[in-house]
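Two complexes follow with subunit A in common, the first pairing it with subunit B and the second with subunit C.
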Partner chain A sequence: MFREMESQVNKIKIKNDYNEYTGPRYCNQGAASGEDFYHTMLNDAFSLVYREGKMLEIDLDDTAGYLSSFLDEAFGNLIFDFTVEIVKPRIKIISTQEPDWEAMIINDVFQDWENRRVSNNFPKKTEKHQEWFRYVNGQLTKNVWIQQQ
Partner chain B sequence: MRRRRRAKIKRRELNIQRNKFNPYKERYHKRGKERNEEIELDAGTNFSLLTHPEAVIELLHRLEGCKKVPRYIKRIFIDLSHIQTIDIDAINVLLAKINEFSKIKRLHISGNMPNNKNCRELFEKSGFLDYMIDLSGNKFEKKSLNFILSIGSDKTLNEKIGRTIEKAMKFLTGVEQKYPPVYSIVQEMCSNSIEWANPYNNRNRNWLLGIQLVKKNFEQVVNFALTDIGFGIINTVYRKIGTKFVESFGNIDDLEILKRTFEGVYGSKSREPNRNKGMPLIKDRFESGYIYDLRVITNKVFLDFSAKENSRIIARNFPGTYYSWSINKKCLERWNPK
Partner chain C sequence: MDTTAVSVVHYSGLQLSNIIAIINILVTIGIAVWISIFVNRNFTTLRAVKEYFITEDQGIRDQYNIFLETVYNNKFKPNEVQEWFKIMTIRIDVFEEFLKKEFKVHPKLLKHHNKIKVLITGSEELNANYKSETFALLTETRTELHKIHKDFNSCQTKLVIDINKASRK
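Then we have the complex of A and B:
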């Protein structure tokens, strides 16, 4: 039963799967940015769990630390592309070392970016990205939705 | 024909006269490459940013003024010999300011050390001399584990900052280990600076992260100091016109504006609703006890989070932002009780 449940969850441990020293909000501000994490890892990982009907567990622990803007940009873009209604029940954030990050993402980031999505206030892209998934008219579509500014 | 000949003779006479010895002209001539003069700046007796910020800021302004001196001035000499009180904070900002001159090749900066024994010792151990050479062109001998890390760049240097913090933690715990609250704070400060700095001058960002390892009352303490020479928070915080109007009638001074900035009262300059979480995060890490003795100097404000009675408006404008804070074992225990 436990193994069955386990297989329903895809995991990302940021320290091992992405970068131990996470950076700022935008790609043009430094390496390992929130924008970069979203486009190189989080968007694909979430679209996969959505299609397979699984959960995505993101473990924030054991890195050097985070900027609030890194998490805001990464998880905010996820809400912008998939809506809070789809993301919230399919994502689990592990942050035992700094529990306030989990609270910030769930309580503030999700709501702020949902408002942003509704008001069509598009996020800034500071680098050219490959096509990424977005939930449009009830299905996932891959495209370059926003051009580099 | 005759008139032309006379004009020619007159011109020749004038030329002869102009070629004669002219004392004014001789002096003027020396203003060229051969002239080699020096400006001397006296740091005074009180060189402490936390107790006498005005005196330190005055020296920074005088150094700033030196960028516009005539070309025949080739050297700036900073006289630190009369200093009777000094702190690591003043040394950090002085180094940050001197660092700016590394881009002005025609000006060389030199100086002496404080005569006062205690001040001299603190100065030698601060890490300041790691960036200097002696008169023979050799590097100074390192006398302590303290260091000042130059992180001037248009990008955040994640790994460099992370590893530096890990090394500093070894002083407290005996092993290199991560301390996310301090990493977050330093990165927040640097990324703010990158994002809102003048985009045309962004490549020459000038930050210094000073780390001082000290023993206070049988307790090991790591002091951090981050200096960002630039515009300062008060000059860059975004306030709506309506807010400015209300505040001007409510006797809200710069000190109150800075406090409100840390409380997240104002919106972000980008005007995006999801922004402005960084400054409140710094305050939160202090209130949670993960750091202590947090002090901020920016523009004309000195904000002391630990001793609010010390917070005040200062007479001179600090050209940038200066943060200092400390951590000890208690902070680590509060952060990670396990």
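Then we have the complex of A and C:
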């Protein structure tokens, strides 16, 4: 599912480990969406590095490009479920071909979705997902936190 | 003038003033040759480099105008948008990187380009129609796009002026 390369860093290269042709924001809008990437890969990958005290490196390069909404939905949900305080120090974004994506995710997406989390502005789920991890009361708990809308 | 110098002058049959004039001519010719060979060569090179950057700037502008015209006319395929933006991001990034290295010019094309990229690729209109053959931007998205596109064009025009004024690093 994702590669465990070095002892302290787990890596996801989106082109190799997920899809070279990423899609729109929601599952019901098209294939390889941000919502899908989060639920099939990113949530599990991050919960693992959190439990093992590692870092997660996500390499965005070498794909056919991204819609900003794909990245917003994927990384935004990560903040919503784990908080910016937990995610920020444990994640590294590689984006040498489009460096602005890294800046957008760290500076804009993280803050916007932390605000959403605090104000309980829940994300939309357009597909039924299996249980996923969320940081609740100081621990990771797996559940279907939001039903398909 | 001492006697030695006078005797040298008389021996060669030349007046000192003539020698000075000859030296003056030789120096002038030397400078002219130096200017024609080195300075002119450098100038030609500098001009050629500037022309290259100006042409590239124009190329980016043309490609952008074609893209936006296609988007405004609802004829761009939604699932091809991100690849177009990626190619353009790399092109502008490399262009700006070399401009910074070669001249004391710091363009902001990429900044405006990124704003346009986020506006279009984050729009509900594009995402909702991702599986369709085309998508149409809403009036408010178009209005915002016009504003950023105007800034982008202004930046490109200013860049041509800056390149022409710039000296090599």
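Note that the second predicted complex is superposed on the first by the 144 of 149 C-alpha atoms of A that agree within 3 Å, B and C clash if a C-alpha of one lies under 4 Å from a C-alpha of the other, contacts with A are read in each partner's own complex, and residues count from 1 in each chain.
Criterion: a contact is a pair of C-beta atoms (placed from the backbone, for glycine too) under 8 Å apart; a residue touches a chain by one contact, two chains touch by 3 or more.
Everything quoted here is computed from the prediction, not taken from an experiment.
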When subunit B and subunit C are modelled together on subunit A, clash or fit: clash
Between subunit B (first) and subunit C (second), which, if any, makes contact with A:G30: first, second, both or neither? both
Partner with the higher number of touched subunit A residues, subunit C or subunit B: B
Quick one: classify A:S69 as touching subunit B (first), subunit C (second), both or neither. both
What is the contact status of A:Q97 with respect to subunit B (first) and subunit C (second): first, second, both, or neither? both
Which of the two partners, first being subunit B and second being subunit C, lies in contact with A:E57: first, second, both, or neither? neither
Partner chain(s) touched by A:D44 [first = subunit B, second = subunit C, both, neither]: neither
Figure out whether A:D112 sits in contact with subunit B (first) or subunit C (second), or with both, or with neither. first
Figure out whether A:E20 sits in contact with subunit B (first) or subunit C (second), or with both, or with neither. first
Which parts of subunit A are in contact with subunit B and also with subunit C? 21-25, 29-30, 64-69, 72, 97-98, 100, 104
Help me check something: in the complex, which residues belonging to subunit A touch subunit C? 21-26, 29-30, 64-69, 72, 97-100, 104
What residues of subunit B sit close enough to touch subunit A in their complex? 155-159, 161-162, 165-166, 178-184, 187-188, 190-191, 194-195, 272-275, 277-278, 281, 284, 336
Within their complex, subunit A touches subunit B through residues 19-25, 29-32, 62-69, 72, 76, 97-98, 100, 104, 108-109, 112-113, 115-116, 121
Touching residues (chain side subunit C, partner subunit A) in the complex: 79, 81-87, 89-90, 93, 110, 114, 117-118, 121-122, 126-128, 130-131
